[in-house]
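Each chain carries a letter (A, B, C, D, E and F) given by its place in the written order, and its residues are counted from 1.
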Amino acid sequence: MNLAATAGFTADQVFVALKHWLVLHTPGPFQTLVGILLTIIPIIVVFPALFAVTVLLERKGLGRMQNRYGPNRVGPFGILQPIADAVKSLTKEDIVPRSADHVVHYLAPLVLVGAAFLAYAVLPIGRNMVAVNLDAGVLFFFAIGAGTELAVFMAGWSSRNKYSLLGAMRAIAQMISYEIPLILSSIAVVMMSGTLSTTAIVDRQAHYTATLAHWNVFTPWGLAGFILFMIAATAETNRSPFDLPEGESEIIAGYFIEYSGFKFALFFLAEYLEMFAVSGLGITLFLGGWSSPFSFLAWIPSWIWFFVKLLALIVAFIWVRGTLPRLRMDQLMNFAWKFMLPMSLIVIFAAGLWRFLPATIAGSGALGTVVRWLVCALVIVGPYVTLARALEGGRRIEKRTYRFAE
Amino acid sequence: MSGTLAELESIAGPGEIMEVSMGPHHPSTHGVFRMDVRLEGEKVVRLKPVFGYLHRNHEKIAEHGAYLSAIPYTDRLDYLCSMTNNWGYVLAVEKLAGIAVPERAEYIRVIAAELTRFQNHAGLVGFLLQDMGASGTPLMYAFREREKILDLFESLSGARMMCNYMRFGGLRVDCTTGWLDEVRQLTARLPRFVDEFENLLRGNEILMARTQGTGVLSHELAINAGVTGPMLRASGVNYDIRKVDKYGIYDRFDFRVPLGDHGDVYDRYMMRILEMRETLKILEQALRGIPEGPIIDPKVRLRGLRPKAGEAYGRIESPKGELGFFLISDGSTNPYRYRVRPPSMINLTILEDMCLGQNVADVVITLGSVDIVLGEVDR
Amino acid sequence: MSPLPTPEDFKAQIEAGVPGSVVTVIPNGSPSAQHSLLVDNDHARAVALFLRDHPDLRLDYCSLVTGVDWLDSETTEKVKVKKLVDGPDGSQQETEVEETRKTKRPGYLEAVYHLFSMDKKHGPVILRLRAANRTDQTNIPSLTPVWRSAEFQEREAFDLYGIVFDGHPDLRRILMWDGFVDFPMRKDYVPPADDPLAEVHP
Amino acid sequence: MLGEGIIQGLFETARNFFGSYVEKDRLTTVQYPEERHQLPEASRNFPFLLYDGPDPDAGLRCVSCQICEKECPPRCIHIEKSKDKKPDFVGKQQFYPAVFNIDVSVCMSCQICVEVCPFDAIRMDKVFELSTSDRFGGLLWDKHELSKSNEYYRQIHPMEAAECDERRAKELAEAQAKAAAAAAKAAQAAPTSPAAAPAATNGSGNGASAPAKSGAAHSAPETKVAQ
Amino acid sequence: MADDLKELKIELSKNGIFTTTLEELYNWGRKNSVWPLTFGLACCAIEMIATTMARFDLARFGAEVFRPSPRQADLIIVSGTVTKKMAPQVVRLYNQMPEPKYVIAMGACAISGGPFRDGYNVLRGIDRYIPVDVHIPGCPPRPEALIHAFMTLQKKIDEQHLSGSDRPRHLHADQPSEFPVPEFGAHGLEPAQNMDVFLAENGNPLKVIQ
Amino acid sequence: MSNPEHPWLTVVALLIGAVAFGFTPLALAWLWAKFFSPQKPGAEKNATYECGLESKGDAWIQFGASYYLYAIVFLVFDVEAVFLLPFAVAFTGLTLGACIAMLVFLLLLVEGLVWACQKGVLTWA
């Protein structure tokens, strides 16, 4: 730590510096251990806390969308509501169905929570703030993501309940189907960044041309990729309108139908953690991670930017949940295979095209940008229209007009 | 991985049939309805409705009570629409005993019944979307408007849901001018609600994809199965008892009957939306034309009514369909036979036909689009 | 709404259309004047088909099906008594005569069908089918094959009255559970006294 | 195009979200225990028995005719007639209910008892905060729990009460006129002054004579109507 | 109030401050997070739904989380007529809920059979088979009445003790947490009522009535 | 907070931490049950939930074939994604020709998808 670095000390690096300071002041043999603990403990504290905030936000936000207040009586403005729920869940009786597979039934929530937490290892939540800077960070994320699928299936299968089985089957089918668009749309980013490391991907986006950041979402393929990614992410995390595995009106509570007490709370928690994680990845890949969109806003600490973006995506999730009805299983699958998958391939193609199109045409950078935009947008919109038509396909889906008898 | 698809399938096998019982406790059976479903994967291969979980012996109780005391029980038949139930019953008694109704009472009956129809349809659409998984928002909006109508019912009859308002020969109490003004104000505001509701979901791709082509009911089967109400009209049959029987004073109002061409869930959903608009038209006309005068035939004996021996069948177009009451009198103070023709129950006859080969999720919305209330199905 | 023939014309029309059928007009004394037609069980389904498919009638819609339980010592409709009298002495004023008739008349179960036409928009035409008695011969032909709408309602009449509908595709109890043995809507049904508070509760 | 309707729907929910902060029509919640929705006059929940004057026993209007008991559809009313009689508001000797129980755990709030009561003795209350964990003690109401004063009735149903008071005042006036006429006929021998009676007693005395008591009973409605 | 304080003192001396704080926390958590089972029977269910809707908003109490599975629910609102055909299912659902669980009998039918109690298929009150915490009379009770009942339940929870002999049933190891499910008989339910539950919860009602 | 020296150790530690995070409340709940609120299993309580009825038949059955077909198609595309990743990482340095070669590979898979689609594999039953 030289003087220049100390002089450049900003609020941005306050946590990093704090950690270094703490590690430096621990006795040698424990430095590694303390370093690791200081890395993982914030993750394990911050995101569950965010879960509590989000649940409350969701309940109150949905309330407002539905013209009511939402929880507002437990503590000021109802902020203690999540704590009350947690206390209640802790003291509830735990029921395991007699015919269930007890071991798997017990393990499922733990696996789910474990997998959900692991995903945070590679998320850069601020400049120099990533738990593990893996070279294959994106790949690691998806590999861990598969663990959640396994856990959901474990839960549904081990309960030995018909509804939970249906839920598990739906979950597995849905998750594997949407995993492909999820990965493919990230591949476009990987292609353009040339790396699988999440920090490197953010670094590539964190520089500016005329105040505007080089976020991937500001390119046509990036925008399309981001939308596809978020749709797939919604499906991966079983959020409405893709909440079929727990589709209340059809299969009651789906795969966690037989879970009670804190195990159920863990499912709830893990589901939100997954949502944050996958949103975080979306931010990393497309929204420039911790970077600010405009250079003049770069003074705001990087970790604030990350959480602001995360919050924005959470709000979008809640908003969508408050509005849309649920899809049906076959439509969901059709949408994945006949729309999302081809579209994500198109996005890869468009990304390739973006690179190979000349950046300047006749010496003009602006003209080059316009042409690139137009060509790429055309490559994306064309198939979009065709695929959307094909999806509506045999059954014409349309607003109808009606006749009246006098 | 070699071999053709057929070989693959033969390896995997067709999958076993799973017998699931949906209900009686299920979030979307609208009460305590049960469907014994056989599933192959998620495809429905058999569906048997089972009911009676709310069979509370309405008919038996009514046969033991006086003609008057059956009225509050009719409130609890289709507990969303007590006003129309009242009307159906008093209409049957009026036919049985030959009682005339004063004009003002007829107008107020129309107003009450159409308000009921509106809130029933709004509620149904909300519930249907709830079944589709719309996390309560449309239902909340529907109930927001429904509360306004219930407030009117409460200031008219004293109760929000169980109005017990109509009497053979007229009504229990008169409405005030203030009340009519309130109805007028509400009627003027309700179109905005319908518009918003349509904005919220009418063009929604998910809604259209899920409902169009789902639960199709052909009009031949609909007629043969005795399906009535919006469900029948969604199948394209022009049969509205308000038009056919012209009971009450419905011949004085200018309104149209919407008809569907596909008979699927979307059509049934749209029938409700369109009927809400027509209902508002009727309300406007009724509020304009309401005369002064008595509200009940003074000659009629409410207590201890003894109609001449005989029988009568009176029916009305309730929001769910043809609600009929069949009464046999033996000349005593209580009906010898009291029978309700429950539209909800008869509309369920073809539930299996509509659901076979469909997805579990379709069963739920098909049932939702039938619009059942268990109080009426089981009585 | 096209007008329907009078009950007597109906009787003639049906008896001509369905050879061998016996139709009895049962007048209704109440102001509603909804008279009904009693059809013999053997030809009931043929009559139903005739009514449904006749181009002028087109009674395609069976609205209401219900059971009625007439007890042995029934004291109601004069017309019914008169039908059983069947003799030259038909003066309805002499109530004493009817009283004596009443005691003789055995009870029976009856199914009533209210028919309408969605096509022609007329109705109701009321059909009645009667079982021989209330105890062992409670069979009536089912009209479900003609009108699907009768399916659940006939099941209900079976459940609550014990009318056995021959030819019904799925005759099971519908409202009560399967192990239930009584027919609770019958007039002589007594519910089990299983409530310890029944006497003291107001 | 695919997605159009979804965006429209999202717009609608957003409108309601922001609307709920600015528009009363979009935030309909009445926060119940603190805020209360004003119940309309006609609102009804459970029946109560009306009494005139300050004493629930003496002023109870119910004459134990048992019509309501008979007409009550769920039969939740249980009445036992008294052996003795007491005078009603016009001074006529009437039975009174020795026992008058309503099982509110059965009552269906249909108001038929009110409709059929020829004596304006039973009315519907608006109180609904009745939850209790005591199934039998809390929900089986006897005569004393049921009795509410006419003042209370005027508070909860002002228009209806005024109408009822007017009717009763008229009845009383007729009865008094009739009594006066009869008295005038009989009073050739011993003249008395009935007008003095109301002011003198206050209706709680058990041993009071019949005409005096009737005066006491009617004094309450008359003064209140005047207010 | 004074009584409460005295009890508190006794409690403190008996169990130490730890248990008391724990008890407060336990009760606070339980009462503010009562998740009802999505379970409606009849007319009252509509009013129950109305209670959760914008006008009344049960969510303010943190109770809008209607759980469709009994495993995750704390409260069963028996809202409507319990018929004999439905009673076994209601009891089974109650049995399948984890402790601590509460029951609100909403409306006349759930308490006593209400207007339909003379029917051959109507159970004369759910308290014949499962213990009820709060009864709300009314047919149907207004949504406000349900909120009131909900607050009554919260008060009841708040008054429960974690230890001592007066602690609630679910904290006693030897008291049952599930009750026999009645069976369908030839004429009615068998048994027609579970007298153990009925008398335990209501004392001897025969005495009260007479 | 990066810890470049011990990346996998950190991952393992995070896994342990996460499982501990999940396990601690379960242990607490177990302790609570042990000291205060006893577990009361019962025949009815621990039976499988099925809408309030007794569950008939087993839920562990052989499920429909279509689910497995999806899994197979998934496998194909997952492997494809694995092939794509190294390509993607190297993409910035690749020539147009190499990219076209990759495109051909992609098209082959797309052809497979179209084939599967036309065979009706992707039609949910």
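Here is the rule we go by: contacts are C-beta pairs under 8 Å (C-beta built on N, C-alpha and C of every residue); 3 or more make two chains touch, one makes a residue touch a chain.
These figures come from a predicted structure and were not determined experimentally.
Novice: Hop distance check: subunit A to subunit D, minimum number of steps through touching chains?
Specialist: So the least number of steps between the two chains is 1.
Novice: Identify the chains in contact with subunit A as well as subunit E, in label order.
Specialist: B, D, F
Novice: Can you tell me which chain lies farthest from subunit E, using the average of the Cα atoms as each chain's centre?
Specialist: Using the mean of the C-alpha atoms as each chain's centre, the farthest one from subunit E is C.
Novice: So which has more C-beta pairs touching, A-F or B-F?
Specialist: Looking at B-F and A-F side by side, A-F shows more C-beta contacts.
Novice: Hey, which chain ends up farthest from subunit F, C-alpha centres compared?
Specialist: D
Novice: In whole angstrom, what separates the CA-based centres of subunit D and subunit F?
Specialist: Using C-alpha averages as centres, the distance is 67 Å.
Novice: Rounded to a whole Å, what is the gap between the Cα centroids of subunit B and subunit C?
Specialist: So the centre of subunit B lies 27 Å away from the centre of subunit C.
Novice: At what distance in angstrom does the C-alpha mean of subunit F lie from that of subunit E?
Specialist: Computed value for the inter-centroid distance: 40 Å.
Novice: Would you mind pulling out the distance in Å between where the CA atoms of subunit C average out and where those of subunit D do?
Specialist: Centres of subunit C and subunit D (C-alpha means) sit 47 Å apart.
Novice: Please list all residues of subunit E that touch 2 or more other chains.
Specialist: Those would be 26, 38, 53-55, 57, 60, 68-69, 71, 85, 89, 93, 96, 99-100, 115-116, 118, 120-121, 139, 142, 170, 177, 205, 209.
Novice: In subunit B, what residues contact two or more other chains?
Specialist: 18, 20, 24-27, 41-42, 52, 55, 57, 60, 72-73, 76, 137, 140-141, 144, 147, 162, 200-208, 378 - these are the residues of subunit B that touch more than one other chain.
Novice: Send over the residues of subunit D in touch with two or more other chains.
Specialist: Only 2, 6, 9, 12-13, 16, 27-29, 31, 73, 75, 103, 108-109 qualify.
Novice: Would you tell me which residues of subunit B are touching subunit D in their complex?
Specialist: Of all residues in subunit B, those touching subunit D are 65-66, 68-73, 75-76, 137, 141, 144, 147, 151, 154-159, 162, 164, 172-173, 196, 199-208, 302-303.
Novice: Subunit B touches which residues of subunit D in the complex?
Specialist: Interface residues on subunit D, with respect to subunit B: 2-6, 8-9, 11-13, 16, 28, 39-44, 67, 71-73, 108-112, 115-116, 124.
Novice: Contact residues on subunit A for subunit B in the complex?
Specialist: Where subunit A meets subunit B, its residues are 62, 65-68, 162-163, 165-166, 169-170, 240-241, 243-244, 247-252, 321-331, 392, 395, 397-400, 402-406.
Novice: Using the touch definition from the top, list the residues of subunit D that touch subunit E in their complex.
Specialist: Its residues touching subunit E are 27-33, 36-37, 45-46, 73-75, 103-109, 128-140.
Novice: With touch defined as at the start, can you tell me which subunit B residues reach subunit E in the complex?
Specialist: Residues of subunit B touching subunit E: 24-27, 31-32, 52-58, 60-61, 64, 72-73, 76, 79-80, 139-140, 143-144, 146-147, 160-162, 374-375, 378.
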